[in-house]
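Please read through the structure below; I'll follow up with questions.
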């Protein structure tokens, strides 16, 4: 019923029209509509007239299947991490993770909480961190422009890293998700 | 044992609204069983945002907890600080200077205004009127600018402290507040035309999501949800804190009980907040904005228990604070209005609802998951 | 008004201990056995028809849990807190979920956070805030959250301390001043 | 023969470009109504290209796989059945092969394919959306077919060329003036056809995110977007030919389709969604009654 | 010597029986049984030798004297050919049932002999007083038999018989006295010489006696109670011997009564028939139901006596009475083991044949008699005709209900009941024999459809439809029984149908195909109810057709009322909305490929009938064409809506069938060339796609064992070919252009516009859009969505089911791309029909032109295929390799789908639509029918109030009847 084959290793295949494709990817970032934490409150103004992320081709998509970017908007509780993993793995390649707030970097002010993980990078490959608690819309836009830059230069390869080191990530994930019942592969 | 007809897999479809779902406010999920497109059973799942605040607060100094409490409710953080500060002041017997009281009230009302603007627009957004949602959040941004000027932060202000507020008002602030209020007020009629007078919006919200008046006491409903069903409860009026007893206002109440009525209540709350802010701005007395506190790193709040209450934009908000006379609180228990709105009430209201109205109903309760989960 | 409530309660529960009394606020402590009686009396004959919150405090050193029911009288705008101590080991408290539907959620939370059981709550044991929690209930005093976090989520990364003024000094100008210099009320 | 094929290719290519461009413009216009700047007008090209070049994608079975092709085929079939520029017979493409009845029915080809793909994805939201969409379709097709029959019978021809040719005597001969009620009915039915609010119950993100394409990703989605762009141009073209006298030149074609498209965009951004049954009832009541007025007129 | 043996042997048997010790051993029972049977068999042989074995001339007779002197002192028997036939039936009944008595109540054997003697005597008696003696013996034997049985209510039954026979004795003796006093003779012929008051008095007395003894309507109460109370063995023997004897005797006496105008018999009979059958609708027990049926035949006898004379009368009465008695005998004998649950497919058939015979379905013997009789009535006594027809239909309804209720309970042991088997066997042999007598009436020249093109199309349609159903007949599941034989019979008679040259041929083929199909349907799992509905509506439509044919006075159909009746017959058969109940009950219940045959092929018989009626009655245009078109359009719409809301695959297809049939009606109603082209095109197309769909349903049922949507879903992965063929059929009937279905719609719409029937056009178009709802519902409910784990074992359908589907799908493709193949045949043929109005569509190569529209299916098809092909190739070569992920691997809001069953969206699929339709008043055809049947039940209850179950009431009835008769006849004079 679920997918039962491991992901293909993406490799460094050179695609035709790579440059144009990268430009297109950078200028059309579709964000999964998943407010995982309190940073989501600043994603809303990002869509409105003040900041208007659609200028950059950034749009919200309600389903992970159609998105490119997953924004981890702040701390992740273990309960949410499980869903985030599932959502992330359902996004199609190439995909990027942008993490908002100090709490995704090192736990921030919840460093000693029993329910929030401290370093997101151990569980999911983060391409761009945006610091602050919570990050202002401007800094999120800044984060996006950094992500765009990385994509254009072909450096936003977190998803490749994730696929190549899936075992490492899985081990870490299973360590903190006590009732692991996800399928091993959700693509 | 027979199959429960509400969850019979042959007759029903089992679906999750959330956590990754654009129709759900914040990070929570509703597990539902549908017969056709009608809900037969609903279970709210919370805890996706659980950070263990109450545990963390037991591990931190009294004053260190202010940065934590404001994160309990993201869209309207000031009430947490206020509520926590009220409890500490009650336990420690701290007097708050008059000017600080006025400024606090100002901050609370601005927060309420911001939240109500977002919620009112969001109600339109959830039935597909994206324009309304956009406008609401844009208006809110103006208020956030004021906050930024006043406190240095857009969202988490950490402005209120025991015995007063952190800073005084900046120069020219009152003028700028007036400017923003005028700007918002000028746009409000257009907002009304777009949403409240929209025939389709009425069709979508009238008669849907009815909160029966007898549920108010049964469930302990508060705020616009209760006031949309004829209740006149408002802590600002019933147990006035800060300077609400000096302000002139009437509690907003309607009797329609449905989503549309709640939208109206919220809309009238916006007007009320604007009028209150105007009153406050006109009446702020001069004086200090904070009482001198002892050395905060060694501050022991006297032992005792207190349940402090304030009125948030979603209704009565309570902090149950227990001190054992040590450096750190013994126990802080936050009771947000969403607690009953999003869990027992929502589970009850959704039964028989149409799938199209699920997020509509949920948004009309203005649930805020972090205050359930903390 | 609150005097009447107090008197009434004192007549019925002579062992009652008064904690705090204000003009519309009353906090009483009763014995563990008469707690339910007190709550139900308050509901049926004193008009406290609404349950606002059920809270618990872990008095580990006294080997007791303090459970507090916070009731409100909507028509008289009064708050009544009824507390009772229950022995800490295998703590069992009667459930109110048949009387107030809202109580079910409060009780589920306390069950999860303190391990206090509320027999009679049909949904007790369903996951509420936590998922797959295997340790001792986190809100107990003997649960060390920092140690748990360290154990589960790993060491917090070392942190560089940077004074932001160093960076923002040139840009903001006016703000780079001792606090509150420009913050006086204009007359 | 060769020139016919060239014309067909040109039509499809133009329609694709124009459809995507219109989509971009509509996003900009919506943004302006929201008070925003909005994306570039070329944003849809970038999106389609990006989706096309995504490196992985999933499918749930054969029908899922075929659905975008059904969609694109249906769109192109409708496009080719409609004359593009009046007077330039070479651009009439395949319109000789059928009349308005054929057009009414071939419109379903893509929709049915899409619905099948959605069903095969196994996602309940997709299926709920299809059930809503079909229910709504059955109602707006009623008013639309009444309008079309009224016009066709009034003009004594079912051939689209014939309908266009009958409107060439100046603006007053346009069907929108000759059959005002039927036209009003058809224009209201045009909104649900374009999934515009208040009839956008199929892709309701807050209710059933996001309807039939909820499982579609990457290249499938890219084709689906292209198909949607083509299909909306095809529908616009049909409406321009049906109500607005056809297009006498490419320029007027672009102008008319643009204006018609803007009508849906503007209406769309100031209305919430109906519930499904409300939408159905509205469509049964208002546009159908309007169109029936003209039908009765024609019959008498 | 021989005569002596004839008397001696049975007596010996009886003697042995009586002599046997009280405790009967098995051996002694066997001995007595054997001797008795042997004696009877000998008597039978003797009778055959004795009887004037020439049925062609029934007037031959032999007078046989016994005793001394002349009657009334001696017994004179007139052995006629008809009487011999009846006697044979009696013998057969006794021989085949006596073992039961032998085994259970050996003491009753002398009583059986007494009853047989009385029956034979009454059968052949020529003397009034002789008759009286036999009547008395018969009554006593009946009372004795009843009382000797082991049935719980035997005394009630016996006492009622005794009471009635007492009254009868008094009245009869009065009549005898008057007769003797007036004429000095007691022969039957003496009745004719009566005159004046004596004639009236004797007539009244004897008529009362006869009606009472016959158990005809107003005085039927005791009979009903008797049948209900007596054990089924006794009742069976009684109905085959004594009851038959009384009937035959009455038939003999009635024409001789000096009553003046015998039409009074007909009035009593016809009125009684309708009223008693109304009451019969509410009858509960088997005995009572058969009692009502007896009453019906008694009434028929009265009608026959009142309206016919001579040899025709004799023959009619003989066939009707003998075979109905035999049928009832079989039913009673079968009915014995009702209490045993358990079921045999053959039991159903075994029971159905007597029921069909009682209902008068061809080619069973009673049909021929009824047909001739009704024809006579239709020509000369139209009012009686209608009453009789109505009564017969009511009788058919409760008989079929009886069959549906009871046949399920017949155990396999039914085969050990030689009595029942023998009864059925005799009926079948007689059927063949009588059919060959009447064979000359049949005509297979095919003259009722003049156009040989149309005829050939229908021939091909029926033959192909039957053949395509045949490969799959052995792919049955569970408790479904073998039905291929009945399918074959039905299909064969259907294939012959277009060749019918006159009404009776048409009617016989029509009924055979319908009732063979009924048997076939009854082989399904729990199909009794479905088969019942089918049988009732088929016989309703059959009686309408029969009425139409008979009223047409020799020709196939006449304009006016006969044509209307036959149109209605066709509409009922088609399942026109309102009568669609049988479709939606029968199709889902039918086994295997049977529904495909029923919906795809058998329903086209009604189209044929409509065409035939239109062509023969008015040359094409029926005067009620417009009403028919409206009915068709509304049927299409209502059927489509109901189909969209149906919860079951086959039920959905049944409603879809109802809906699609609507288009055919619209087309035929148009009565223009375009309309007929559309209708016939759609007929062909409907046969193709509906068979493909139902065969697909059969495949799904075969592989999964269910057709409920809630239990299905996701089968596309398991049954890809079935899905592909179903998809093609669905796209086609939804009318989406590259496939065949669009053609029918296009032609129809053009026809409607040409005729200016725009409102119908709008309704039809709306219905065709609603069709999308159920077409998607069907595809999704079965093939798409989540695959339930319960169906994980499902495989692709067997070739026997797949191949026909493939052929049908291929023909849809061919017809879709080249509709001109069919149109080139149809259009010239229809152009040649003068009665059709309008312009014919012009066919230029692949282009079809009407005055307003154009359609080039080939170009459209090529265009779609090319575009699709280019897209496909582009897709294929662009290096796009999507990964296949499981059905549960869906973006489920970040959660995991719990299980396929739970995630599958199936129940209440179109709930919003239901809500949108909520403003419509919920007029269900079911409710209307419930209302109708309730009304009938109430009427029936009213009649039943007469039959209180109290013997005194029955005596009062008889006396009242006597008085009324007296008043009426005297007033008349």
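Chains here go by letter, A, B, C, D and E, matching the order in which they are written, and residues are numbered from 1 within each.
As a convention for this text, a residue touches a chain if its C-beta (ideal position, glycine included) is under 8 Å from a C-beta of that chain, and two chains touch if they have at least 3 such contacts.
Please read these numbers as outputs of a predicted model, since none were measured by experiment.
K.L.:
Which chains are shared contacts of chain A and chain E?
P.N.:
Per touch definition, common to chain A and chain E: B, D.
K.L.:
Could you let me know which interface, B-D or D-E, is made of more C-beta pairs in contact?
P.N.:
By number of C-beta pairs in contact, D-E is the larger.
K.L.:
What chain is the most remote from chain E, judged by the mean position of CA atoms in each chain?
P.N.:
C
K.L.:
Pick the chain whose C-alpha centre of mass, unweighted, sits closest to the average of all protein C-alpha coordinates shown.
P.N.:
D
K.L.:
Between chain A and chain B, what is the separation of their C-alpha centroids in Å?
P.N.:
Chain centroid spacing, chain A to chain B, equals 29 Å.
K.L.:
When the C-alpha atoms of chain A and chain C are each averaged to a single point, how far apart are the two points in Å?
P.N.:
Those two chain centres are 35 Å apart.
K.L.:
If you average the CA atoms of chain C and of chain E, how many Å lie between those two points?
P.N.:
78
K.L.:
Determine the centre-to-centre distance between chain C and chain D, using the mean Cα coordinates as centres, and give it in whole Å.
P.N.:
58
K.L.:
If I count partner chains per residue in chain B, which residues reach a count of at least 2?
P.N.:
Answer for chain B, listing residues that touch two or more other chains: 13, 15, 19-22, 34, 37, 47, 50, 52, 55-56, 59, 134, 138, 354.
K.L.:
In chain A, which residues are in touch with two or more of the other chains?
P.N.:
33-34, 48-49, 62-65, 79, 83, 87, 112-116, 187
K.L.:
Which residues belonging to chain C are in contact with no fewer than two other chains?
P.N.:
Expected reply: 130-131, 138, 143, 145-146.
K.L.:
Of all possible chain pairs, which ones touch?
P.N.:
Between chains, contact exists in these pairs: A-B, A-C, A-D, A-E, B-C, B-D, B-E, D-E.
K.L.:
Under the stated contact criterion, what part of chain A meets chain C in this complex?
P.N.:
Result: residues 78-79, 82, 105-107, 111-119, 122, 175-179 of chain A touch chain C.
K.L.:
Which residues of chain D touch chain A in the complex?
P.N.:
Those residues of chain D that touch chain A are 27, 31, 34-40, 43, 46-47, 49-50, 53-58, 205, 209-210, 213-218, 221.
K.L.:
Taking the complex as given, what residues does chain B use to touch chain E?
P.N.:
By the definition above, chain B touches chain E via 9-21, 29, 31, 34-38, 354.
K.L.:
What residues of chain A sit close enough to touch chain D in their complex?
P.N.:
Result: residues 10, 15, 17, 20-21, 23-25, 27-28, 30, 33, 48-49, 52, 54-57, 59, 61-63, 65-66, 68, 92-94, 187 of chain A touch chain D.
K.L.:
Taking the touch rule as given, give the residues of chain C at its contact with chain B in the complex, in rising order.
P.N.:
Residue positions touching the partner: 19-20, 24-25, 27, 49-53, 55, 57-58, 66, 68, 70, 72, 74, 77, 79, 81, 83, 100-102, 104-106, 113, 127-131, 138-139, 141, 143, 145-146, 179-180, 182-186.
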